[in-house]
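Below are two complexes that have chain A in common, paired first with chain B and then with chain C.
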Partner chain A sequence: MDFSVLLQDIPTLLVVIIGVPAILAAYIIGGEYLVRRLPDKNRPQVRPWLWVGPALFLVAAYLLLPAIFTIKQSFENNAGDWVGFNNFANQLGDFPNGGAWIAIRNNVIFWLIFYTLFTLVFGLALAVLFDRVRYEQVVKSLIFMPMAISSVALGLIWDFMYQYQPPGQAQTGTMNALVTTFLHHDPVTWLQDQWPAEGFNVLNNLALIGAATWGITGFAMVILSAALKGIPGELLEAARVDGAGELTVFRRVILPLMMPTVVVVGTTLVIFALKAFDVVYVMTSGGYNTDVLAFRMYKLLYSSYNLGGASSVAIILLIAVVPVLIFNLRQFRAVEARR
Partner chain B sequence: MAVMFAAVACGTGSTQNAGTVHVIAQWSGAEQAHFMAVMKPFLDSTGIKMAYTATRDEDAILRSNVAAGNPPDLAAAPSPQLLTQFAQQGKVIALNSAVDMGALQNNYAKSWIDLGEPLHDGKLYQVFSWADLKGLIWYDPASFQAKGYNVPKSWDDLMNLQTQIKSTGTTPWCMAIASTGADGWPGSDWIKEIVLSQSGPTVYDNWVAGKQKWTSPEIKLAFQTWGQILGPGDDSNVYGGSKTILSTQFGAVGTPMFAKPPKCYMLNQATFIPSFFTSADPTLKPVTDFNFFPLPDINSQFAGAHVVAADSWSMFKDTPQARKMIQYLTTADAQTIWVKLGGKLSPNKQTSLDAYPDPLAKEEAQLLAGTQIAKYDATDNMPVAMKDAAWQAVLAYAGNQSKLDSILANLDKVQATAYTSS
Partner chain C sequence: MTIAAAAPTAANTAARFSPRWLADQLQRYILHIVVIGLTVAWVVPTLGLLVSSIRPFSAQATSGWWTFFSNPTTFTLSNYTDVLSQSNLGQAFFNSFMIAVPATVLPVTIGAFAAYAFSWMRFPARNAIFLALVGLLAVPLQLTFIPILTFYVQNLHWTTDNLTATGIPGLPWVPLWLAHAGYGLPFSIYLLANFFRALPSDLFESAEIDGAGTLTVFFRIVMPLSVPAIASLVIFQFLWVWNDLLVALIYVGGAPEVAPLTVNLANLTNSLGQGSNLLTSAAFFSMIVPLIVFLSLQRYFVRGILAGSVKG
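Right, the complex of A and B next:
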């Protein structure tokens, strides 16, 4: 590795290492000094602002302002002229197969429902079942492992899993090997096959969602497992003494107590589903009707250089996420309040 | 806080070391090593340093770097369409005073220099260092000989050979048009080559420029001609049929051809494909294990027409070091280094034919030099939205030939907007 680049940038390094802490310290000490000079009764009003000031500045500079510019840009063409709702009309025209509709459908129907559902069900089942075995830690680590893989690597791995060879040939992809050996079915082109219909392609969308689910199930499992461990053993025992079977214990005791966590994990997953990008980018690049909003935005921005179009897709995505975000925050607060 | 950011910004600005040239290109792995070998004599003799970034998503990276006011000094092969935009916005620097124009005009065919002037205003915005020749049909000479097949000299010969191979119960063609992030392009090469050879350069140029409708008889005929290659029943001439065509990565196209016994006998790919053959099976040798013939002329009026692609260079920051480097890259000396390492052709007439490492590469170089009508890759020169739609159309057509009319009508719709919006 060549570190000479670092040496070339010594002034920058000095600024970062010495300058940043110095300015921060000066800000705090100077701010406090000024606050102390204020009359007693005003101090409590000013001091919080002093301390959250830098954070507010960063949020404004890196989140709020760009969002406002994006909204503005979604009403402009590349030259910066106002075009009204034209960009949105382009994205939302030609229902159901034109514009962004396929991406919207894939995001808010396939990804939102199946990705969230699969991950929650698998995560919950694994958490509850592994809670009962001695080798719990080992298995949980294994299930969690895909979380450590970058999404691009994950996409490549599943590309191999879904590989296709013509019928009668040795299948090099795991999925097709399973399908041909155990189901005696012809091999399937998982990522290209638009079964059952081109306008309603469940199969290749599910193939992508399956790959993404494999990567995230560990995340859902560890959080749900932690919630499960928080349920007092006496409660479960009391239920069992009262004659409840294991299924009833799960349905009537465990699940209700875990519900707040399930909801928080679920809404987080919904947000993940709406911003799905990497797996689609790596595995199909949105081809064969598997486009999603985040990828469409990327394409419009970087390939087509359609700034207005990309911004309007970003706004559509934002509008789709906001209700979930609000719900998530409320739920989070409710959980905090119960503690 | 603002002071701090300003200070950081200044810090980065002032450290732009006078002797370093930042280069962005797509080469990684073995190709990166070859490129480094090309640059070594230049870097050693001048003392100039090179900071190299490799990315496969080059257009996206370049676009964001240029937008952020932080472009590299030199970039290899941004798509021609992107370069045209940069030239219009004044984001790239004209090379007329940076390279030796006299030497360039002597050593390069005029078509290469014309390609470098995307705005047709006499300003040169890109120069070419290496080239690929498309439309080569690769085959295994041993299996051709075993079956008594002859290399076709004409389009009719090719059609007859196709029928002959098929009559033995084997599929004539191997085809694979998947390519992560760019599915469909290897199929679109077929269409380009057929359009150029069948309907000639004028139709081709108009088609690239968006003035030739996709539903026009010429383009439709090109698709139908490719359909004859694919075979009746959508795909009966191709090993594995449309499912294999669509789901196999282009680099793996040769595998069934080298199987014993071969599952298919011919494939169409550019000059770079042997490196994929040999990386899959290092025992394969050029000439004895694989050889090529150019796709036969369809219309004798346009004989010797070939589609080419090339590695181009553009300059984003005008520094003396960058000027020297781009000048170096146009010389035969620089280009010969990679030519010797294999897998590249040089567009510079001064590059000696003896530099090519094997007889096939030499033959390719001769073919490139002798090309009567050289046209640059059509889809690469179309606006991105048009290019993407064309690739998607190729995928759709390879899956279902009967939908040709609706596929072409849809392309006309994209064509109507793509050329004005970007």
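Right, the complex of A and C next:
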């Protein structure tokens, strides 16, 4: 490795490590100094804006205004002329296999259902099982570890899992080794296979979703595990003393009490599922009918420079997210009301 | 972790070797087998890549990584030395730091200022603005890329080439820093405001009586008391930025002088083709920092997640 790069870039390093915090400190200290020189009665009116100002500016500049511009852009062509719903018609015409429909199907059906379901089921099962062993912390760390690695690395890890060699040759991918050795089935091209039918390719979508699920399960497990620890032990004891089996205890006591947490984790996962990008980008680049909305938008923007098309795909994504968003806001308000 | 470390169960009173006792023992073994089996299954993908990365290419192409255990003499570090000499990994590693450090400092600090105001100052529309911020947590970032990018390029002329040409250190990453700050702020404010609000109000009243100014209260009282919340937020944001591919790809692209590790790794995947031996070592190289951060500060990371994350 060329370490000289680190020496050349010492000014950059200094700017970053000293400069950025210095600017922030100078802003708030300088601002307060100015606020203090104001007459007494104006200070409480001005001071809050000094403190929230930069945050509101950045959020407005990077989230709120761009979102509004994108909505406008989705009704325009690249030149900025109004084209009505043409962009949407291009994306949504040609049902069921043209335009954005494959991406919509993959996001709104496959990803949303399987990613959320698998992650919740695994997360819950692992939380409940791990709660009963003394080495809980160790196994939890191991399950949680994929959370720390980038989705690019995750994609590579799973590319190796899904590697394919023609039948008869030694398989190099773990999945195909398992399939050929234990199921005596021909090796499967996991990421390309269109099973059960072209146009309804569940298998390769599931392969991608499985990789993503592997990465996120630790997240669900940690939150669900914390909720499980919050259930009073006496409650479980009482049920067991009354003769309830472990499955009944789980179904009738643990699950109902954990439901609010399951819902919170579930909605978060739904949002993740709708925004899925990295795994698809790294593993298939949206090929073999595995496109998702976020990737389609990226492709329209960068490969075709179709601003209107990309914007309209982003809007379709937003429309899919809005119900979840409203649900989340309601939940948040309910929590706030209880404070 | 050994099988012997059995868990205490409620019904542990049955007499030795009675049918009930046998059933309990059996159940306990099944539990351990299931727990360890699932954990092993979870570790296998990472382990497979790690083992592949220390095998020579000829072996990788013809046999599975598990055969390494029957023939460990094939161990080699050449994949690591090759990838470090061939690709721009050193530069990308440096770039990742240059991106991740300010992109963490900015949203955490600015978020702390704002969270302080949201928790302990009065101003018009305070609650409405806060609620809007929570709503923005779920907005897909994809929705924001095109207008920002257009504005950067057409109005500000902030392209990587232009910014590099100025020769000002760090400037090529400014667009990315600001974007990460904007995207990270709703979560940062949400998490910190929840924490600040829970601080006892007597603290603020007595400080005010003592004549402490807002700055003193913020830096001497609020900040020291909030170290756990700030630590978890810092780890969360740092890992998020370090592992981010999409935002970096959009705002700085793939130029080797500015691209972070994730972009570099994704480019390697495309240029070398999947299955190349160098990718295994490159992937592990990119995991070093997150794994160190994660393993040493896991407690704070988990706390950050529990504080109610809906970020993506």
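What we mean here is this: the second predicted complex is superposed on the first by the 274 of 339 C-alpha atoms of A that agree within 3 Å, B and C clash if a C-alpha of one lies under 4 Å from a C-alpha of the other, contacts with A are read in each partner's own complex, and residues count from 1 in each chain.
Simple rule for what comes next: a residue touches a chain if its C-beta (ideal position, glycine included) is under 8 Å from a C-beta of that chain, and two chains touch if they have at least 3 such contacts.
Source: prediction; values computed, not measured.
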First (chain B), second (chain C), both or neither touched by A:291: neither
Contacts of A:146 with chain B and chain C, given as first, second, both or neither: second
Which superposed partner A:51 touches (first chain B, second chain C, both, neither): second
Which of chain B and chain C A:133 touches, first, second, both or neither: second
Which superposed partner A:282 touches (first chain B, second chain C, both, neither): both
Of chain B and chain C, the chain that contacts the larger number of chain A residues: C
Which superposed partner A:306 touches (first chain B, second chain C, both, neither): first
Touching both chain C and chain B, counted on chain A across the two superposed complexes: 5, 9, 11-12, 14-16, 19-20, 54, 159, 163, 281-282, 298
Partner chain C, residues of chain A touching it in the complex: 1-3, 5-6, 9, 11-17, 19-21, 24, 28-29, 32, 36, 44-45, 47-49, 51-52, 54-56, 58-59, 61-67, 69-70, 73, 125-126, 129-130, 132-135, 138-139, 141-153, 155-161, 163, 170-174, 177, 214, 217, 219, 222-223, 226, 237, 240, 264, 267-268, 271-272, 274-275, 277-278, 281-282, 293-294, 297-298, 301, 307, 310-311, 313-315, 317-318, 321, 324-325, 328-329, 332-333
Contact set on chain C toward chain A in their complex: 1, 5-7, 9-11, 31-32, 34-36, 38-39, 42-46, 48-49, 52, 60-66, 84-85, 89-91, 94, 97-98, 101-102, 105-106, 109-111, 113-114, 116-118, 121-123, 126, 129, 131-148, 150, 169-170, 177-179, 181-183, 185-186, 189, 213-215, 239, 242-246, 249-250, 261-262, 265-266, 269, 274-275, 279-280, 283-284, 286-287, 290-291, 293-295, 298, 301-302, 305-306, 308-310, 312
Footprint of chain B on chain A - complex, ascending: 5, 8-12, 14-16, 19-20, 23, 27, 54, 57, 78, 159, 163-166, 189, 191-192, 281-285, 287-288, 298-299, 302-306
Contacting residues of chain B [partner chain A, same complex]: 1, 3-4, 7-8, 11-12, 14-15, 17, 20, 51, 57, 59-60, 63-64, 85, 180-184, 239-241, 243-244, 246-248, 383-385, 388, 392, 395, 421-422
